[in-house]
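Order as written gives the chain letters A, B, C and D; numbering starts at 1 within each chain.
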Amino acid sequence: MTATDTTARGGASADARADVVAALRAQTIEVPSWAFGNSGTRFKVFPHAGVPRDPYEKLADAGQVNLYTGIAPRVSLHIPWDKVEDYDDLARHAKEQGVSIGAINSNLFQDDDYMLGSLTHASPRIRAKAVAHHLECIEIMRATGSRDLKIWLPDGTNYPGQDSISGRQDRLAESLAEIYAALGADQRLILEYKFFEPYTYTMDIPDWGTSLLHCLALGERAMVVLDTGHHAPNTNIEFIVAQLLRAGRLGAFDFNSRFYADDDMMVGAADPFQLFRIMYEITSNGALAADSGVSFMLDQNHNIEPKIQGQIRSIMNIQEATAKALLVDAEALLAAQLAGDVLGANSLFMDAYNTDVRPLLADIRAAQGLAPDPIAAFTASGYVAKVAAERVGGTQAGWGA
Amino acid sequence: MTATDTTARGGASADARADVVAALRAQTIEVPSWAFGNSGTRFKVFPHAGVPRDPYEKLADAGQVNLYTGIAPRVSLHIPWDKVEDYDDLARHAKEQGVSIGAINSNLFQDDDYMLGSLTHASPRIRAKAVAHHLECIEIMRATGSRDLKIWLPDGTNYPGQDSISGRQDRLAESLAEIYAALGADQRLILEYKFFEPYTYTMDIPDWGTSLLHCLALGERAMVVLDTGHHAPNTNIEFIVAQLLRAGRLGAFDFNSRFYADDDMMVGAADPFQLFRIMYEITSNGALAADSGVSFMLDQNHNIEPKIQGQIRSIMNIQEATAKALLVDAEALLAAQLAGDVLGANSLFMDAYNTDVRPLLADIRAAQGLAPDPIAAFTASGYVAKVAAERVGGTQAGWGA
Amino acid sequence: MTATDTTARGGASADARADVVAALRAQTIEVPSWAFGNSGTRFKVFPHAGVPRDPYEKLADAGQVNLYTGIAPRVSLHIPWDKVEDYDDLARHAKEQGVSIGAINSNLFQDDDYMLGSLTHASPRIRAKAVAHHLECIEIMRATGSRDLKIWLPDGTNYPGQDSISGRQDRLAESLAEIYAALGADQRLILEYKFFEPYTYTMDIPDWGTSLLHCLALGERAMVVLDTGHHAPNTNIEFIVAQLLRAGRLGAFDFNSRFYADDDMMVGAADPFQLFRIMYEITSNGALAADSGVSFMLDQNHNIEPKIQGQIRSIMNIQEATAKALLVDAEALLAAQLAGDVLGANSLFMDAYNTDVRPLLADIRAAQGLAPDPIAAFTASGYVAKVAAERVGGTQAGWGA
Amino acid sequence: MTATDTTARGGASADARADVVAALRAQTIEVPSWAFGNSGTRFKVFPHAGVPRDPYEKLADAGQVNLYTGIAPRVSLHIPWDKVEDYDDLARHAKEQGVSIGAINSNLFQDDDYMLGSLTHASPRIRAKAVAHHLECIEIMRATGSRDLKIWLPDGTNYPGQDSISGRQDRLAESLAEIYAALGADQRLILEYKFFEPYTYTMDIPDWGTSLLHCLALGERAMVVLDTGHHAPNTNIEFIVAQLLRAGRLGAFDFNSRFYADDDMMVGAADPFQLFRIMYEITSNGALAADSGVSFMLDQNHNIEPKIQGQIRSIMNIQEATAKALLVDAEALLAAQLAGDVLGANSLFMDAYNTDVRPLLADIRAAQGLAPDPIAAFTASGYVAKVAAERVGGTQAGWGA
């Protein structure tokens, strides 16, 4: 089978196929530095051989992901895990690995002071400390050329009555305003929400509505981050994507997949059809383009699978979902929708989903000089054995370091 | 035990007790006309003897609820179920029963035209029809002196691809704007959200964020309605209450309870502690007062239990939750919260919840000349047997009529 | 692309392909008579033109499903909805339509007596009535040659304290034993479980464990029915399939799909990957074969989409999931699993899922003299317009009749 | 108010009150040694001052819980965390603290070998290692006089296809049989189930049905452990309690509470009404008695609240729920249930729940020479400050040690 056959069955003409290929070639996905370190559950972190011991080694691994996929040119950093002496040097090293620095992620969950909150804490001293941490992150953004300050607020409470829900909102609004004021004119604050965890009764930003209200209060450069694992059971995530795009406030995705909670598995592993529906909202609303303001990022753990390959696989899964979304015959679909043809519209949608786009993507990779099967090519390269042999001693990177 | 003992254990002084009593005496709850008709599941509607056959009989039943509880002076109507020839006459009848007309509820789910949507339908004709229905409702509001136009939008889709998520939002925004423009200066549009049902893939207003965005676009007299049964599993509802109050956009509650989906059981039956937490957000944020703009309404089915008693029981459950919420020792709680005393703050909260407030409410009823046990008194009145004997022939009211 | 290409990519040799084709050709799916009648939600049943008015017309519609798919030779009946004067005549009519009678479904949810229970009711009279209904069903099984008595027990309670959980189990066990005793030696009792609905606090058979315990107590011809829409959120259904197969007690599937509750949508519409995983447990555990004792049935509503086409689409979706499951390279997968190659095993599994099997199924249909696209062929036949014109007057079939 | 008033309102006579008091005085609850160590989430473990550094100190803390509540005479141990040189000495030390050794818990989640499973692992070597660990635990049971070997199996998979669901069941059955065979005639194997975590796709014992099937296969001394936090969203836990009691296979509870996942919060903190309903199934089915074979244990984390007080509070919450359950007027309830009086039966149930039983429990404590408010008395004792001063240096106990 050739890719032409594929797209033909998807209903696209040769011109349309060219558009699909162009869109896929323009797509980029940002990978997180922490995906290359060890991670786990509250019960156990299983160590893996060859795991990076510092930000330089993480960037080297990220460079491999980009080398074999061709669409992962940026790496998110996490502060303080990725603090270095010389950010110019780090940026230079990144460039050598073929990547650049993406979003800067702050950390509000690992300081003993933050047990009862950070930006929301009742104590002005602790709030000031948490704000100051973000001012440091903004400095690092300037040093590394990063555009986005990403804030995941882990704050919340475990017990009813433990703290005032609205009091915490007020303190949060004040803290965020201080941070926002420190941003440069070309920098953004992107604000994540999460349904639960680490706290078990309230989260201070549990849903997209809360994140959006804070963004609206802050200003135009405050945008919502949608992590695909951060919702209540059964939530329709593509609806939220559409809603945030309609409001002009979707700043970024944290992609991963889950069956239960915030499982942080490889993207598309749990529900590839959901991933397709999400990407369809992106493509059909014109948000795939580089200038859409939507940043596509991974955020996941590879607790039991190899980490670099896990990143590559996630990227391939997003590419396949994107390709399928682009293959939806928009004209025919609109006609069926306007005609109230429920089954016909659904069939057109499923036709694209049921298409095997792997040959198309293999063609695109080949045209770029990449191996058609990135995981096989990476595995064959011997990189894993090489770093396992080299990275001996020191402390493996992980969430705690 | 006396009520004094109760409040004493709750930590309140005599002055505080007077405040609690005053707040409880000022509380009002609106009952829905449809709660007195037959209802059921998609599998079966079980008929009950004595069920009203027209709006006049529904108001008579609602009058009984108010007669025995003393805090249910308003009745929501549902159009077209409660359409009559002469609304002046209906209002006069309501007054005779000791009640007045509350919110007017529109109906967007029972016309064959609305199978694929109403205010969101792809067809301009059907959207215009749905808008016109609301203009009729506004006329009825004028005729009955009703302040609130309540819209529960049942629109949605069942299958991925069936319709455009954002296209439907655009059409919804347009339809709502037409309705809002027809409201009088002292009238409000209150907009409900619902997670799922009757549609199974998307709902066009599935969450508080979507409802709020539409309200913000409409204007200051558009407010969100929170139905306690309309959320994803595990959603923290009191957080949403706090958030909507903070935004100044909580217009009304539809109270009921649920274990699974939108079960529409008696209020407080499934999770009385959740009801307490919700009422605590109300009382602690000053939203119980009559001038807060928050309307407290019931919306439930009594499929297998007697309907009038089901309404009375729900009201009593809300009263008890409210009394407990008012008994929280605010000063001590704030001190514990500011001190980071997790267990102490939770204990103070639970102390109020664990208080038996039934004696206090019995005292308040007695002071108002009401029987201390409203259900026992109603049962003893013989009303049920009387209407069962009288209401013979005709068609019992229900969701379909 | 040819089907050969497809299977080649799935990793199967020519011999393996022949096995896949043989297994797909042997697969049969039973359709429910009630799927051709009107259905809906508690809010509204939308009528459709041409809907059958009696069991004969339902069988005619079911005959169409089999005519175009070639794998739907049996039709489940629902008593009393499908009661007729002469079952020999009905069986003869079925045969003329190319189908035969499958399972007999009892109805325990539409009699006023059953408001508080049927087989579990506190009243011996009502339990006896419910048992007697099943004895009548067994008579109909004899008259129609049906093997399976399917019991979905809708019994439950809405309020804590309403009835004794264990008392109801005892009464249920007794009622089921009476029914089981009346079965012939070649007949089975297949017992469904459901998480919630129509009751909202307890269901008397809410989970597979409860159903299995009753089956174990009854005897070897009592088997569990798994309805894919009858589980708690996030439940791993394929695990239950594997578990029931291991216990030798999986009697049948009721296939449908859902995003939220028991949505009863077309099979595979909500989560095609889940359907694939379920079918993989079937194929990999040898339970697809006709003699496995597992009956594959549809149970769904077509509230807004055309009903015959909805059934055809569901069957096609099951076929595609089955084909993909059969394409899993079992040998390679086992090797990866034994080697602890998490990513490799998952990749092999996904390779089969990502294969486009529509060409393969089109080839199989062509080889059987069927149209490659069953829905297009059925639509082109003009049957819908014909029955819409013919079926005028009378009462359309639905859940209430 | 006196306790007599309380029980009077609950509808109980003086004789009945004596029965209630007797049942409450006979109740015992087992506490886990690990609750006194540090715990947390995957994001952070917050250290607390005064946390024990070895099993001896844990037992001392547990002794405090029993000293102030009077109903916590046993302590569960966790192996290897609580391994010591001399178990006689440990038992002697326990006795000095006023407690004895309860269940022995094995650990299958912290060895690097167990990344892909323990009792279910594909490797015979690793399964043998996991079995051997349990043989060691059985030795410790003999040394400490423990009756129950508690197995929580954390095994599972993260990705579809990663391993064979039924293959893992077969290996599990084999491993469990080896362990069971090593038990003494007066020892039990109690087997826990868990919906998800630490694995995110399958758990090898995800539900009560799976645990029960294994217990049935093992023999009469294999019983199911119900952890209240280990179920799918919306699961009716009291139904499972009733079902396991009916099957004679409820071996033990792990009590805790949760809003979302396995949050392991203080018992009764999230849903006190659910706790009451659970305890009602216990009391109404005669399973509170010491000879019922049901062991009542706590299993929770105190991540942000003080640990000893968290245990005391949990025990008090269970006591209150038990007292309320005992106050249900069984005779009147049965009459209402048999009469089909839905509202009346629910009201009787709620009357007991709404009773303030704190005075009754204070009376019982006073009669035992205990302080009426255990937390206040413990706080006043100065124990916390004392151990914080004494326990300096060494390594605080936690899940990792």
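Keep in mind that, in the parts below, a residue touches a chain if its C-beta (ideal position, glycine included) is under 8 Å from a C-beta of that chain, and two chains touch if they have at least 3 such contacts.
Going by UniProt, the chains are A, B, C, D = L-rhamnose isomerase.
Computed from a prediction, not measured in an experiment: that's the story for all the values here.
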### Task
Could you tell me which chains make contact with subunit A (L-rhamnose isomerase) and subunit C (L-rhamnose isomerase) both?
B, D
### Task
Using the touch rule from the top, work out which pair, B-C or A-B, shares more C-beta pairs.
A-B
### Task
Indicate the whole-number Å distance between the mean C-alpha point of subunit A (L-rhamnose isomerase) and the mean C-alpha point of subunit B (L-rhamnose isomerase).
40
### Query
Multi-chain contacts in subunit C (L-rhamnose isomerase): which residues touch at least two other chains?
116, 158-160, 195-196, 201, 233-234, 236, 259-260, 269, 273, 304-305, 342-343, 346-347
### Task
Within their complex, state which residues of subunit D (L-rhamnose isomerase) touch subunit C (L-rhamnose isomerase).
116, 122, 158-167, 169, 195-196, 201-202, 206-210, 212-213, 231-236, 238-239, 242-243, 245-247, 273, 277, 281, 284-285, 328, 333-334, 337-338, 340, 342-343, 345-346, 348-350
### Message
Quick check: in the complex, which residue numbers of subunit A (L-rhamnose isomerase) touch subunit C (L-rhamnose isomerase)?
### Response
1, 5-6, 9, 233-234, 236, 259-260, 269, 271-273, 304-306, 309-310, 313, 320, 342-343, 346-347, 353-356, 358, 375
### Summary
Contacts from subunit D (L-rhamnose isomerase) onto subunit A (L-rhamnose isomerase) in the complex sit at residues 39-44, 46-47, 109-110, 112, 114-116, 154, 158-160, 195-198, 200-201, 233, 258-261, 263, 265-266, 269-270, 303-305, 399
